[in-house]
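First comes the structure, then the notes that go with it.
Think of it as A, B, C and D in the order they're written, each chain with its own count starting at 1.
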Amino acid sequence: MGMIGGGKDAFIGAIHRLAANMDGLIEVACGALSINPEIAKDSGHMLFLPEDRIYLNYEDMIKKEAALPADKRMDFVTIVTPNFAHFAPAMLALDNGFHVVIEKPIAFTSDEAKQLKKKVEETGLILCLTHTYSGYPLVKQAKQMVKDGVLGKIRKVWVEYPQGWLSKMSEREGNAQAAWRTDPKKSGKSGAMGDIGTHAAHLAEYITGAKITHLCADLNIMVPGRALDDDGNVLLKFDNGAAGVLMASQVAAGEENALKIRVYGEKGGIEWAQHEPNTLLVKWLDQPTQILRAGGNYGDRLSSYATHNARTPGGHPEGYLEAFANIYRNFALTLSAKIDGTTPSKEMLDFPGVEDGVRGMAFIDNVVASAQSDKKWWEYSL
Amino acid sequence: MGMIGGGKDAFIGAIHRLAANMDGLIEVACGALSINPEIAKDSGHMLFLPEDRIYLNYEDMIKKEAALPADKRMDFVTIVTPNFAHFAPAMLALDNGFHVVIEKPIAFTSDEAKQLKKKVEETGLILCLTHTYSGYPLVKQAKQMVKDGVLGKIRKVWVEYPQGWLSKMSEREGNAQAAWRTDPKKSGKSGAMGDIGTHAAHLAEYITGAKITHLCADLNIMVPGRALDDDGNVLLKFDNGAAGVLMASQVAAGEENALKIRVYGEKGGIEWAQHEPNTLLVKWLDQPTQILRAGGNYGDRLSSYATHNARTPGGHPEGYLEAFANIYRNFALTLSAKIDGTTPSKEMLDFPGVEDGVRGMAFIDNVVASAQSDKKWWEYSL
Amino acid sequence: MGMIGGGKDAFIGAIHRLAANMDGLIEVACGALSINPEIAKDSGHMLFLPEDRIYLNYEDMIKKEAALPADKRMDFVTIVTPNFAHFAPAMLALDNGFHVVIEKPIAFTSDEAKQLKKKVEETGLILCLTHTYSGYPLVKQAKQMVKDGVLGKIRKVWVEYPQGWLSKMSEREGNAQAAWRTDPKKSGKSGAMGDIGTHAAHLAEYITGAKITHLCADLNIMVPGRALDDDGNVLLKFDNGAAGVLMASQVAAGEENALKIRVYGEKGGIEWAQHEPNTLLVKWLDQPTQILRAGGNYGDRLSSYATHNARTPGGHPEGYLEAFANIYRNFALTLSAKIDGTTPSKEMLDFPGVEDGVRGMAFIDNVVASAQSDKKWWEYSL
Amino acid sequence: MGMIGGGKDAFIGAIHRLAANMDGLIEVACGALSINPEIAKDSGHMLFLPEDRIYLNYEDMIKKEAALPADKRMDFVTIVTPNFAHFAPAMLALDNGFHVVIEKPIAFTSDEAKQLKKKVEETGLILCLTHTYSGYPLVKQAKQMVKDGVLGKIRKVWVEYPQGWLSKMSEREGNAQAAWRTDPKKSGKSGAMGDIGTHAAHLAEYITGAKITHLCADLNIMVPGRALDDDGNVLLKFDNGAAGVLMASQVAAGEENALKIRVYGEKGGIEWAQHEPNTLLVKWLDQPTQILRAGGNYGDRLSSYATHNARTPGGHPEGYLEAFANIYRNFALTLSAKIDGTTPSKEMLDFPGVEDGVRGMAFIDNVVASAQSDKKWWEYSL
């Protein structure tokens, strides 16, 4: 793969490399790792890239790689720049025949997202969006349980994503991560809701298979002087009749990255928390709660999606990097199948793509619009 | 004490007796335990009441007890009838000079609640409302920590109360508890919100010391054919600038009685769950989370309110009955002090009263009004 | 009941009163509450005892109460003095026709325990020993599950009881509890093993229904200068072929009262911890672990022993005092049945008695003997 | 690296590759992946190895790789064969100048382990032993806290390792893992103690920095007909005066891989469990328990060893593969430093080596000897 962004000291770029490396299916072949030429070069050396495949900008990389013979050039592009710089390299890559992996959100605006969708449809190329949390085996298990009707009709969805790291004005204290994420020019029209609320919304729709139809958003700026929301609560209605709440906060002091979801149906409920991702609580109306474990030894009680996305037997905890790697692995296996002319399995095909990207941008638009409206229920539109 | 309602097979009456008995300060002296004379008598015998103090209706009990010499008559009345039958006996008791303990909600309507408030103010008698959950030692600890500013300015309140026991139409399957609680004529204008949402709202205001000023409610009837809400989500604004969410559901299949609250301030947060009430998580922006335990051996780190309301050293779990008993014990100690002409301590005085009752009824009114409104933010009024 | 020991400021006496009061079946009728006359009187007043039933020593109380008419005198005696002062009052009470409740250990030596057993058999009176932890509903559930063969043949028993409160030489810093418990003249020949190891051994035998046949003990004095063991680890063999480990420590700094037991059979295992007593984990060889909850809504999946010993529905946590009260309640119900000439149910009869007391003393003898021996396996003898 | 063993379908070989790949520092360059030529070839193709570096036996691989120019040959050998086949390839590799990574246990006998130690000392080459669990960041944190005296003098060590997967005679039902691990010819003189007891013993010595001096072992065969122990309990004494217990069982039905350690000192204790490896409980004598989290935002409260071995900020759970990868990464960084002539940091050098291997074999010898002895305390000898 060829990496755009992700120079040394970048957080998410390093994560992408760890995830891509893990299964031995992907290697970083080239990169345009920084807009700062020195950092770009240093970072390339750090990754043992050959000198001639350390590029100083993405245009150059895409053009030159496209000119290489098919068996020498990168197979796909990974884009790990800040949000405002996702669209242009993605379009250029697609235009030059490269598949694309993009860190979420897919783009800076809904319009960009829709253009990418159109381009993907035209070219038949693959776009993979790294909504990490849908890569966990027990998240996939939860989705299949809902789909199979095990919980009955879904009534209630409750998803929360508290973090505490923006409780102070860290963006003015030299925290680079905080700086761009709280800057509307780099991050977009929403802060916490865009950064982590989108993950929560994606998870809710992914697991339930239902779509949000209406929402009622309360967005807050809790740290005075900040330009974007750092906290928010949203009431939700889904197209299957379920009611829900989504909470995302980056000022929940003392919380790390505590994404958690609960879904209740007529017959039971499920509960999954990212901090202990190898456990899925399954609650029943008239039976004791069960603790499902990733890799658990339960015959076919775990769905094929859960087992396909685990590497180790139960009791060998897998975590965030493995969930991330599952997305890369499924993308890579799908790509291999495509190259080999075979049909990827349904489990391989289960990774987030351009549709999720469009929906993620729409979520931001709708939440922000709802927050600004006096109307109680805002109709969700794409 | 003299008990009104709470005949054999009644759930909450038995709980009140267990709680009142526990500390050896109170005994059931007489009762009008059922409107069914046979049940009233049987129940009186079960409690070893003297024959002449088993009454067949509350009017009789209040009149006859009032006629007894001061050292022979009941000291106070406890009312554990269904919601619609709280007001009349309470008024009569107060009018006859008896202090009153009432199971929440205080009355059937806000108007009744206000009349009771007026009467209490006029008579100088004590009215104690058994909002059980504020009786837990670590709930009191949390309140004091907020009050002392340990968490900094409060930004976020998140309170949830999922139960699952009304997931099916149990009211038509012979479940007497379900029957009256889902019947507007006995329960009032709200179901889940009135029954448990009021507990959640009380807990949030109790711990934070802040008052709800605006709310945006989504009430749902998830079991078709039911007359009252069995599920609801409410966005909250508080008078200290905090934002909040309150969730109450009786169709969260597989949940027992999972009241939980989280409060976040500038410097940290607290988390308390009723299912494991002897643990209070205290989270810090830049320090490891601490596990405070009821009865913990930390010198004066636990507030006097927490230690006053615990009976055993750390590691001897106290539960729901002890929390309930704390309310009775504080009420009884306050009453004793009043009788003895001494001043009750501030810890003794910390039990819910008629103000909480008025506010609880107002919460129901406001939530129901908000749910019926298209306006996003409903201004909370008393 | 008439209470011997348990004057104001005594820890365990207050616990006994809370437990005895709870269900409204028992009341403190008289007491010889301290060997210090002034404390005896003050304590009697504190409990609202009539002046003529506040006794200054137990001999006086037993003699005078025995002389009262049957319907005026105490029904039974409760002994809550330090270990060395259990035997004499118990014998005197039994000799005068009173049933007895004793705080564990039953006596100071095995010989005393055996004399009590003989006396109980001769008189037909009831002796109840307050091994609190066997009073928890889910401990009873575990016992019945083992008995019903749900786990298959039992292979492994693992019981632990870490406390930290004797990590320092508190007995020389004015801690009265520490002072007598670490004093061989008052506590007996063992410290931690006698105080809490006996609870652990009782729990292991109670749940498994198996008896210890061999043990290999390592007793330690971790705080230099102390006369009795404050820590110990014991290998166990049971008469059903199971192997086990028992750990008891009072120098596990930072632990409260963390009694926990795990039992594994061919088909599954159970895990119960006193700190969260309303949860019983049930583990299966090829099924997800289940979380059984006290009061859980599972039809007849909870045994009649578990439901008989709970007062509230699931989600209303009961704790240490309720477990203690269960022992008193079952004793009182058995006593009532005896008085009424009816047959107590098997659930009522399930409280610890004189046999458990004899076995507890034997456990101490055998552990101490094993600890002093160079032989690996010490044969357990009564 | 060149891999010996670990053909397709082998469990631990795949784990080693995942761990080695993760950080992009190591790649599989060649392999002698099976003694079955067909599997060796297929496995090589699966790993995209060049045809000429897919070897059919390890002698061939070592000889031919040694003959390649320095910059073309493998840097080190990884041995992931069953226990009986560790020694020969390790010696040959060292004799030919290759560094070695070996899956634990280091060898089949103590004598072999000692020969390897001698060879490592003679050659100055590096031998890395993959005792995975010491690779977790919070295990390293615990070790440093003990070393820094934060807990005071250590008194008590309690380590447990329950698994349930051998609860049935799986070795006769086609489970290949079970077959070789329960076969004395392939596994060695101990079953559960050798397989997982050694991990527990290593962890205890690693964290405390103390050495076992005496032990008293009870080894059991719980599944009739099995040749090696599947369960065992061991009392321990350490050279710093601490007492301990080690439990290892593969018949704890329903347990996964539940390694857990607790260490108590004069001032506090620590608790770490592999199933939730990102949490370290720190208990204090007179302060609330703290929850230390891997990657936690506590300034320098986490030791440099903990932060060096984490890849992500708090709340992004890392697991078993990352712990494994930490060992590879530290080995690789140490190797790089050696090659570059620089000095590896103390954090890099913290990976298990040949000394740990010798001690692991001695642990097995001593446990088995103790189990066969009637003497209570067996003196641990190397």
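Criterion: contacts are C-beta pairs under 8 Å (C-beta built on N, C-alpha and C of every residue); 3 or more make two chains touch, one makes a residue touch a chain.
For clarity, every value in this text was computed on a predicted model and none was experimentally measured.
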Joint neighbours of chain C and chain B, given as chain labels: A, D
Farthest chain (mean CA position) relative to chain D: B
Here the gap between chain C and chain D, centre to centre from mean Cα coordinates and rounded to Å, is 43
Express in whole angstrom the distance between the two chain centres, defined as the mean CA positions of chain A and chain C. 55
What is the distance, in whole Å, between the centres of chain A and chain D, each centre taken as the mean of its C-alpha atoms? 34
Touching two or more other chains, which residues of chain D qualify? 255, 282, 285, 289, 293, 296-297
The answer for chain C against chain B in the complex is residues 11, 14-15, 17-18, 21-24, 28, 47-48, 163, 165, 255-258, 274-278, 293, 295-297, 311-322
Using the touch definition up top, name the residues of chain B that touch chain D in the complex. 282, 285-293, 296-299, 301
Residue numbers on chain D that touch chain C, as the complex places them: 151-152, 155-156, 158, 160, 162, 164, 167-168, 216, 218, 220, 222, 231, 233, 235, 243-245, 247, 249, 251-255, 262, 264-269, 282-285, 289, 373-377
